[in-house]
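Below you'll find a set of structures to go through.
Presented sequentially are two complexes of chain A, the first with chain B as partner and the second with chain C.
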Partner chain A sequence: MKDPILKVNNLHTYFNTEDGEVRAVRGVSFEVHEGETLAIVGESGSGKSVTSLSIMRLLDENGRIAEGEILYKGRDISKIPEDDMRHIRGKEIAMIFQEPMTALNPVFTVGDQIIEMIMLHMGMDAKAARQRAIELLRKVGIPEPEKRVDQYPHELSGGMRQRAMIAMALSCNPKVLIADEPTTALDVTIQAQILELMKELQKEYGMAIIFITHDLGVVAEMSDKAAVMYAGKVVEYGDIVSIFKRPKNPYTWGLMQSIPKLNEEVERLMSIPGTVPNPRKFPKGCGFSNRCFLAKEKCKDEMPELIEVEPGHYSRCFYIDELVKEVEKSRVGEK
Partner chain B sequence: MNEEYKRALRKFYKNPSAMFGLILLIFFILIASFAPLLAPPQIPIDPEIENMESMINQLSETKDTSLIDDLTSSFSDYYDFTYGFYLDYADDVKKLEKALKNYQANKNEENLKKLIDELTPLTEDYVLDTSYLENIQNNLNDTKKFNSALKDLENGVKAFLSKATNAEKMKKELDEINSKNSSVDEFLPAAKKYFKDLKSNYIKDLHYDPYLMPIVTYENTPQPPSKEHPFGISNGRDIYYGVVWGTRTGFKIGLIVVITATIIGLFIGSISAYFGGWVDEVLMRITDIFMSIPFMLSAMVLTTVLGTGLDKVMIAMIVFGWMGSARLIRGNILQAKNDQYVLAAKALGVKDSKIIVKHILPNTIFPVLIQASMRIGSMVITAAVLSFLGVGAPQGYADWGSILNYARNWILGGTGGAFEYWYTIVYPGTAMVLFVLAWNLVGDALRDIFDPKLRG
Partner chain C sequence: MSQDNKKVLLQVDNLKKYFPVRAGVFKRVVAHVKAVDDISFKVYEGETIGLVGESGCGKSTTGMTILRLLNPTDGRIVVDGLDTTPLFLPKTRANKYIHEIYISRFNELKNKYKSEDEVIKNLKDDVDKKYAKIYFEKGSHGLHHEMLSNINEKRKWFRRNMQIIFQDPYSSLNPRLRIRSIIAEGLFTHGLVKSGAEATEKIKDLLEKVGLSSEYIYRFPHEFSGGQRQRIGIARALALNPKLIVADEAVSALDVSIQSQVINLLEDLQKEFKLTYVFIAHDLAVVKHISDRVAVMYLGKIVELADKKALFDNPLHPYTVALMSAIPIPDPEYKKKRIILQGDVPSPINPPSGCRFHTRCPIAKDICSKKEPPLVDMGDGHMVACHFAGQFKG
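== the complex of A and B ==
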């Protein structure tokens, strides 16, 4: 098999704050290949955005990558000089954000901003860049791109702005696109369209996508692989089919049960009780132990290792066997 | 961009209050620029010069050759009286200049003696003021005063010599006129040119300040509007003249104070926001201190320390007027720094410097500029208050606040009835209110058009 285009190895990212060090990410590993989509799933505060910002090296001033490597095409980019990193951003690895409302600069036209990127990375002249910007806008499904290119962000709807943002990110043919909850702020139909668009563009350009979301339902549609994150760690990692068919971690299982299913009545919808622990005082043992229905004494004191339960499928839990039984029981019940 | 430009203009046209503000502002700008035509300054002209002027006019009409002699003789008289003196002593003063240079190059007793020897006869003949000599001789032991006395002398010599050069030029022109006195056609253009130079020299030497409202009567009570003085007379001065020229003063105060204070504020605020940490802490505490001092009080104290006068008032207003912009730009930058488009631009590889110039500044500077444009009007009020309190513009300066200040004793009217002297307040007051209104309306309109947050 080919080498992965991006490989994150044991990433630790800490923040210095007034009340001490916040270990927001404590050992995250995954890899993506060209043309592949990896989903990073987890509840709010689990460290998904911090992971992606670490890859981009765009952490706030008080944050630092304390440990681990980020290999882009085999080269560790976690420690290269800022100047080199800038050439990677946008051109090699691009990122889009959750809020299409604010991710575009309100004082410039959409076209200006896309043209800026194209001229910056591709060295085209203004005229050619404008032509390419219009082409890109058309490609991301914006009607009348010749007109839209001269409009300001506030003149576009949320969905269109996100499309414009995607056009901007794609303007330099990045090899990796990190999308941090790109559809969360949009309503459901628009969300589906944007996801569809991203899939199409991926097919055309062959880039790798890291898709960050807290919605496991979207993951199933979009991705080839998933990394489930909880309290700064990856708790389950593997290809999408194995994870959905044979979940091996109580947290993933909890998330799966909270996906609304069309043919089910609302009252059966489960959600995981409790909340994500505060990263300032993560429990000593398994991060999920205060909410896990399988938790035992051991879970509170010891941290389970990430183990390979079947080829390419990893989970971090002491009681995988018990979970498997639970899953089977519930699936039988459903049928 | 062009499209956007048109759209902005269209938006402006559609906004009646903005249009009104703009028209008012243009009106004031016109008044300010045409002040010399609307209210011509009454320069006191020497009767001799007036006489020459009428002779020239007569000559160009009648072509009467006898006038040529009259004119040349009055030119010569005036020349001897005004310029001749400078040429007569030019050589002596040049010698003095040389002695002074020698002494400055080589400061020894001998050179000093030579310098004094040159200077003494000139002061005795009243060519140069005796104080030059006295200041040098009395301060031989005080180096600092001595040096400043030398400096004064140097300036005095320079001024004298420049007058002498001018006199030489005038002499040449006069000689030319004298050589052309055979025909009117040749004589007239040369004479006209000579007269023009002569008159402008005269006005220059007068140091006439058109901003001084002319005294038209020594009567103390205000005089109601009349044909010659359409806005009436207050404190013996023509109100109409003061209101017209006061427009210039208003623009001067507003623009200079606000532009300077805004630049200072932008500088301090953006440094504060950009560097953060202790720099921010120190600068913001300084800002707080400045803000905590009541403005009027501090401005009054400062003007008393610096001395009264319009420039001093403006300095005080700048010193205590930059904090608003500093705060505003700092807050805006801090906010913009966290805006997602900044992060988004970074994520797509844009350089930091470019992010500041292209993404942060445009989003932060407009509110400051808009606020500044609104403040231009109110600065005039502040200056007026200071004038009203007597620490503003000097006596007779064309300034709305000063005119209002004259009205202080007459506000309630005289024995004749209340509001008898309404014109002492209404005209300058209206001008001031409209001026403030104009800037506010225009500032408002600018905000509507440019503030990205209110767009759409």
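== the complex of A and C ==
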């Protein structure tokens, strides 16, 4: 197999805050190949966005990559000068942000912002860039792009803003597209269009996609493999079918149990009790131990390693066998 | 299903909300965004009505207009038998409204039926009957008095009973205020507590109700997770003991595991306090789980409205069919046939003629671009606006 286009190796990202150091990402590794889609799933605060901002080198001032490598085409971009990074960001690796207003400047029209990107990276003149911007807006399903191109972000609905940002990210045909919850604000027909669009562009340009989402339906649909994150660590990693069919981590399993399913009527949804631990005081042991139905004393004190449970499928948990029994039991119950 | 014996809590008639589009140096109004364009529906007490549809189709605008956080361009909003529309209009417009919607209509009907009793008998809506009775008994002055007296109390009553939970648990809470102040504000405005001590007690109770520790009362919003903030938003809405809550994407921003906690909470609170929900969301599995009925909007219109089971098992509008087919299924081996709608999403500034879906509808015929299909009851309250309802199966 070819080398991965992007490989994240033991990434640690920490923030300095008034209350001390926040270890938001604590040893994350994964890789994506050209044309492949990796989903990153996980509770909010688990470090998904920090992971992607680390790759983009867009961390806030108080944040730093404390350890690890980010290899883009084999070159560690975690330490290159900002001037070099500027040629990679947006052109080679582009990102769709979770919150459109972080990417869109409220005082410029949507069009101006996309046009600027295109002129900067693709060397087009203003007129050609404007034409391309309109085409992109049309491609992501914005009605009357000729008019919308001159509107300000606040004049668009939430979903339209999201689409405008997607257009901006795609404007320079990036090799790696990091999409941080790109369709969360969208209704499903537009989501289907955009997912389809991303798949098309992926086929056309061999773009690798890192897709961050909490929608397990979208994960199942879009990705080849997934990394499930919890409390700054990857707790399960593998190809998509193994993860959905044979989950090996109690958090992943709980997640799958919590979502309402279209073909099942339930009085009450299952839910994982409690909330994610505060990253300022992650437990010494397993990050999920305060919510896990299988947790025992050992889980509170020791951190389980990520181990390979079947070829290419990894899980971080001391009691995988017990989980497997539970999963089997409930699957029998379903039938 | 018989809905006749249920109490209508909210009735929306011919609601329109147009936003002006301005351009040029002088910022002249050059067009209007028809965000909500003539929609009517009823919400029964204690039910959850789901509102779904394409982004920008007017769901939030509908919610905000119902709550009078936006002023409607046209239409009537009746809450618990009270026409609340004129309460928020300037005096002359309020008078004009009462004249147009009631007085001149009642006069016309009286000419037609020749008897006041007949007019009342032939009016369909309870609100109309109520106001007709008052008009015939007490005349125009009496009706104006009925509708516009004690206007401040009525407005307050409305504000108290109609609450909203916002999508964004981050920006919807004032970061500079402690949880106590955030929730207490409404309690004091509406005179629901007499002293600071009483407010504190009540707020502690509310926090426990929504599954937060009462010890959190003096903390700031930034000290909470998204799910916890959403619970605070819910506690704030609940504090005023409302009848109706519009939940605009209230769980969309939450983690799946937290989402199910909050949905369960909303359902528990609904039972306990007989709440009515207008639940706006794009996650159809969630909408299906929580709603009793679901309204599907497209470009400012309601295109289908039905019991959730009827809607999900037997969608009759081509747009609804496409919508259902687009729902991602959390099973990587499940291959479903997806209808990807073709064509641009038309603009609400210049909506297509006839049926607004005709530019993208897989089965559109000639008539569709010429004649607008009305929303009609196909039986058992399953309402559809399509000339060829039920003919597109995907």
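Following the convention adopted for this analysis, the second predicted complex is superposed on the first by the 311 of 335 C-alpha atoms of A that agree within 3 Å, B and C clash if a C-alpha of one lies under 4 Å from a C-alpha of the other, contacts with A are read in each partner's own complex, and residues count from 1 in each chain.
We adopt the following convention: a contact is a pair of C-beta atoms (placed from the backbone, for glycine too) under 8 Å apart; a residue touches a chain by one contact, two chains touch by 3 or more.
Computed from a predicted structure; not experimentally measured.
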Which superposed partner A:I134 touches (first chain B, second chain C, both, neither): neither
Chain B versus chain C as contact partner of A:L104, first or second or both or neither: first
First (chain B), second (chain C), both or neither touched by A:L38: neither
Touching partner for A:L323 - first (chain B), second (chain C), both, neither: neither
Which superposed partner A:M256 touches (first chain B, second chain C, both, neither): second
First, second, both or neither for A:Q191, with chain B first and chain C second: second
Chain A residues touched by each partner, larger count belonging to chain B or chain C: C
First, second, both or neither for A:I55, with chain B first and chain C second: neither
Residue ranges of chain B touching chain A (in the complex, touch as defined): 3-4, 339-341, 343-351, 358-359, 362-363, 366, 452-453, 455-456
Complex interface listing, chain A residues touching chain C: 43-45, 138, 141-144, 147, 156-160, 162-163, 184-193, 195-196, 214-221, 240-241, 244-245, 254-256, 258-262, 266, 268-273, 275-276
Contact set on chain A toward chain B in their complex: 56, 58, 86-91, 94-97, 99, 102-109, 116-117, 120-121, 150, 152, 154-155, 165, 168-169, 172
Parts of chain C lying in touch with chain A, wherever the complex brings them together: 52-57, 60, 225-228, 249, 252-261, 263-264, 267, 282-286, 288-289, 312, 322-323, 326-334, 338, 340-341, 344-347, 349-350
